[in-house]
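Below are two complexes that have chain A in common, paired first with chain B and then with chain C.
Then we have the complex of A and B:
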């Protein structure tokens, strides 16, 4: 009896320790980035593009990478939405009774979600070489779009599934076509669409491997789709590889900027998701 | 008027069907594209040699992927060995022991972790894990280690797959009927005994699926591993040796791959290899999870 009690207590302690470690690793990471990044954080970092000699420690900032990342992530999310909203509607409203087909498609998108970004990047690079396109903002946007489509489709799909079936049935029985019904449903899921947008944007802005081959790098802010664009994660990666301490410090500061952007996005999306689920339970 | 509306409905249906087919077909196009690109190197060197040779001399046209495959396996294995027990214990604690209030605080932190970009994990690895290994862990076991090692890669990866495993396992555990657990508790079993003999057994397929997904995620992770792994094209012999996983190889060499003959083909073969393995793993685990979900719905 005592042995069983001891065992229970032992494993309970182990579980508490594991939980502290797993949930605490978030604080450890953000704490490390804050601790090392804040000393190097200056207004110049977010307001200036790299000046001459930036990479040997002279003045400048990473505005080029911040803007580049926003362009790539924004462009990819917009492009992805144009493709994934119809796909999510199709899966849910046009397949009728063929549930196996809908489920098969869901699995397919889950699998696509699992494909690593380096493969998307390599594939994007392949296509660009084939068509003779050089690394550019456009190339980056296309590669990242491939990356975010599965996230968008699956999130939108989950959201559409929370819409009461009666709503669609009522619309249909009034004589509306499936397309008109879809418009009614889309109106219902608007907050859910925002959640999907934020999730996709967050993933897109943080990814390196897909833009590494495709978007290139530039010290200037791109003014057209055909110019190469710097991205924040790539800037962090390059700066960290520098032997100059000052430049390495800027990598920490850039990491801090990226972390803050991503955290704001994640927190916003979870607040939205919560609100959305509240609306639904009514 | 009606016919116009019907026409509109049909046209939109076709457009959406095309979008759906296209976005799923991406899988096929990627597979075929990468395969066609790796044909030249496959024609010149046999698949067996590519996978088992340790000689990596692109300038001489020798491409042996064995060290990179081993690098990937080492890093992945370390990550799973660290992450799986921790995540299982955490999931059990969250689902069976914590009151609702505490759960509402714990779960968001796990989710926040999943939102952190890979490159930030990499920076954290360089700033925290690598020095930790170099100064505090490695000296107890080996004479010298820079800290840039497969162990560092494994630890960083483990933290990266925490949220994936915890969220899936928690979901699976929540689907286990409460009656089963209550029956076990009523017979006098302790909570831990109930977990071990009822929950664990019931959740087994889900745990396997989560693990397979985590493995495939670890296989494909590029930048974070690349930053802390040391990137040395030798087969690692201990956890303190540097390794060079496949994705890191692709990412590091894209710049020069067009200037050396066959190099691009060899790297695309590496991407193809990754793609096929990960695709297979994902399909298996997703089917297991979908089955579980369906069983629950019945």
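Then we have the complex of A and C:
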């Protein structure tokens, strides 16, 4: 009896400690960013492009990187969705009884999921060299799209698998084709699509390695797909490398901006997910 | 009773993996009658039902042999148009699965995919089918509300109305009342009795009382084979086969 009670208490304590560790480090990270970033957080930071060359200067802001990051992450997520939704639908609804094929594809996407982003960056760079594209917004979007596709496919795949098979049986029994059935399934998974968008966008906007060679960097806001684009993670990287304390502080302010953008996307997607789940059959 | 079959199953066998689910099933299902398929869990009742509108097509490692004639057309013929076959048969599953859209759109869904676009026509179909399933007075003021807002019993009637909207000839019910409360169950049962004037109805059920109440004929399936097929009274009160007798008396389940 005593041994069982001890065991119970031991593991409960372990769980509590682990939870404290995780939430504690979350607050520490946010705290650090706030503590070091807020003093440098000026209106100029989010409304102006850098004043003194390559992020190193103390003047101006990081508007170029904010816009660049939104373009890259947004573009990659949208492009990724257009590719991933058909893949996820195909794996789940068109392979019929060929489960081995579906599972093989899932393993392939799991492997892609695990590949470090620098590899996507390098691969994207090779594609760009092949097509003669220079470091640009387009290059960045392509590389980051490659990075987020496995995330999107696997998330959407999991979501589609939660759709009751009977829903598909219902539309098929009405004489619907597979594609018509797929459209109903897509409606049903809309809340899950927003979760997928959130995961993809979060990964895309925070990744440095994939945009390092592909998007390039610039002090200006890109006005076409062929111009180089700055991104927030790279801006943070450069600013942190500066010996000047003030520029380092601006790195934390940039990190704060990045965190806030991710926070907004998180809230937005969960609101939308909730709104679109009201029609669902469970 | 077999001189006017609506569905004629001939030597149907279904294998999934290495397991034989249905063995050499042959049966004629009469026109505009209610036929119940009864039998213990796992005997193949649902597989038999789903083989009638080819819903088994996407099952992994499945092998179907034999023929199923609906209106004289073999639905397992390689040239058969599967959407056309399925349109003839409305399916009512164990639990209601309304489509993720409004009450109105649920019913209009079928007619729309088959090409009906005119609002006036759709309005009329929606009203007719909601009236046929006794839902009209309950939902006429909130046709644009999500279908999921309805109670489970109402949802099941909505699913029936959705199926009827594509003008099928046959209704397939797969334990359609098993998730419902007693009141909703009896509403659905009454609907089946009413609907048999216009439709051939095939029901899978494990409730003998229900089979007795609604059906004209009963098929008793055991271990993938049809043991006995006959008029309801005969199967339930005076079965010819020993196995049927044991099942209806509750010795085997």
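Please note the rule applied: the second predicted complex is superposed on the first by the 238 of 282 C-alpha atoms of A that agree within 3 Å, B and C clash if a C-alpha of one lies under 4 Å from a C-alpha of the other, contacts with A are read in each partner's own complex, and residues count from 1 in each chain.
In this section, a contact is a pair of C-beta atoms (placed from the backbone, for glycine too) under 8 Å apart; a residue touches a chain by one contact, two chains touch by 3 or more.
Values in this document were obtained by computation on a predicted structure and should not be read as measured data.
Contacts of A:166 after superposition: chain C is touched, whereas chain B is not reached.
By the document's definition of touching, neither partner reaches A:132: not chain B, not chain C. When the two structures are aligned on the shared chain, A:4 is found in touch with chain B, with no touch to chain C. Look at A:180: by the touch rule set out above, it reaches both chain B and chain C.
In the superposition on chain A, contact of A:243 is made with neither chain B nor chain C. When the two structures are aligned on the shared chain, A:123 is found in touch with chain B, with no touch to chain C. Legend: residue contacts after superposition of the two complexes on their common chain; A:115 is shown touching chain B, with no touch to chain C.
A simple residue count on chain A separates chain B from chain C, and the partner touching more is B. In the superposition on chain A, A:21 contacts chain B only, with no contact to chain C.
Within the superposed three-chain model, A:265 lies in touch with chain B and out of touch with chain C [touch as defined at top].
The interface of chain A with chain B overlaps its interface with chain C at residues 177, 180. Residues of chain A touching chain C in their complex: 96-99, 164, 166-167, 169-177, 180, 184, 187-188, 190, 278-282. Contacts from chain A toward chain B in the complex involve residues 4-5, 7-8, 11-12, 14-19, 21-23, 25-29, 32-33, 36, 83-84, 86-87, 89-91, 94, 103, 105-112, 114-123, 125-127, 129, 146, 149, 153, 177-180, 182, 202, 205-209, 212-213, 233, 236-237, 240, 251-252, 255, 258-259, 262-263, 265-267, 270. Residues 53, 55, 57-62, 83-84, 86-87, 89-91, 93-102, 109-110, 113-114, 146-148, 155, 159, 162-163, 166, 172 of chain C touch chain A in their complex.
Within the complex, the chain B residues that touch chain A are 5-6, 8-9, 12-13, 15-17, 19-20, 22-24, 26-27, 29-30, 33-34, 37, 85-87, 89-90, 92-94, 97, 106, 108-113, 115-124, 126-128, 159, 162, 166, 190-193, 195, 213, 216-217, 219-223, 227, 247, 250-251, 254, 258, 267-268, 271, 274-275, 278-279, 281-283, 286-287, 290.
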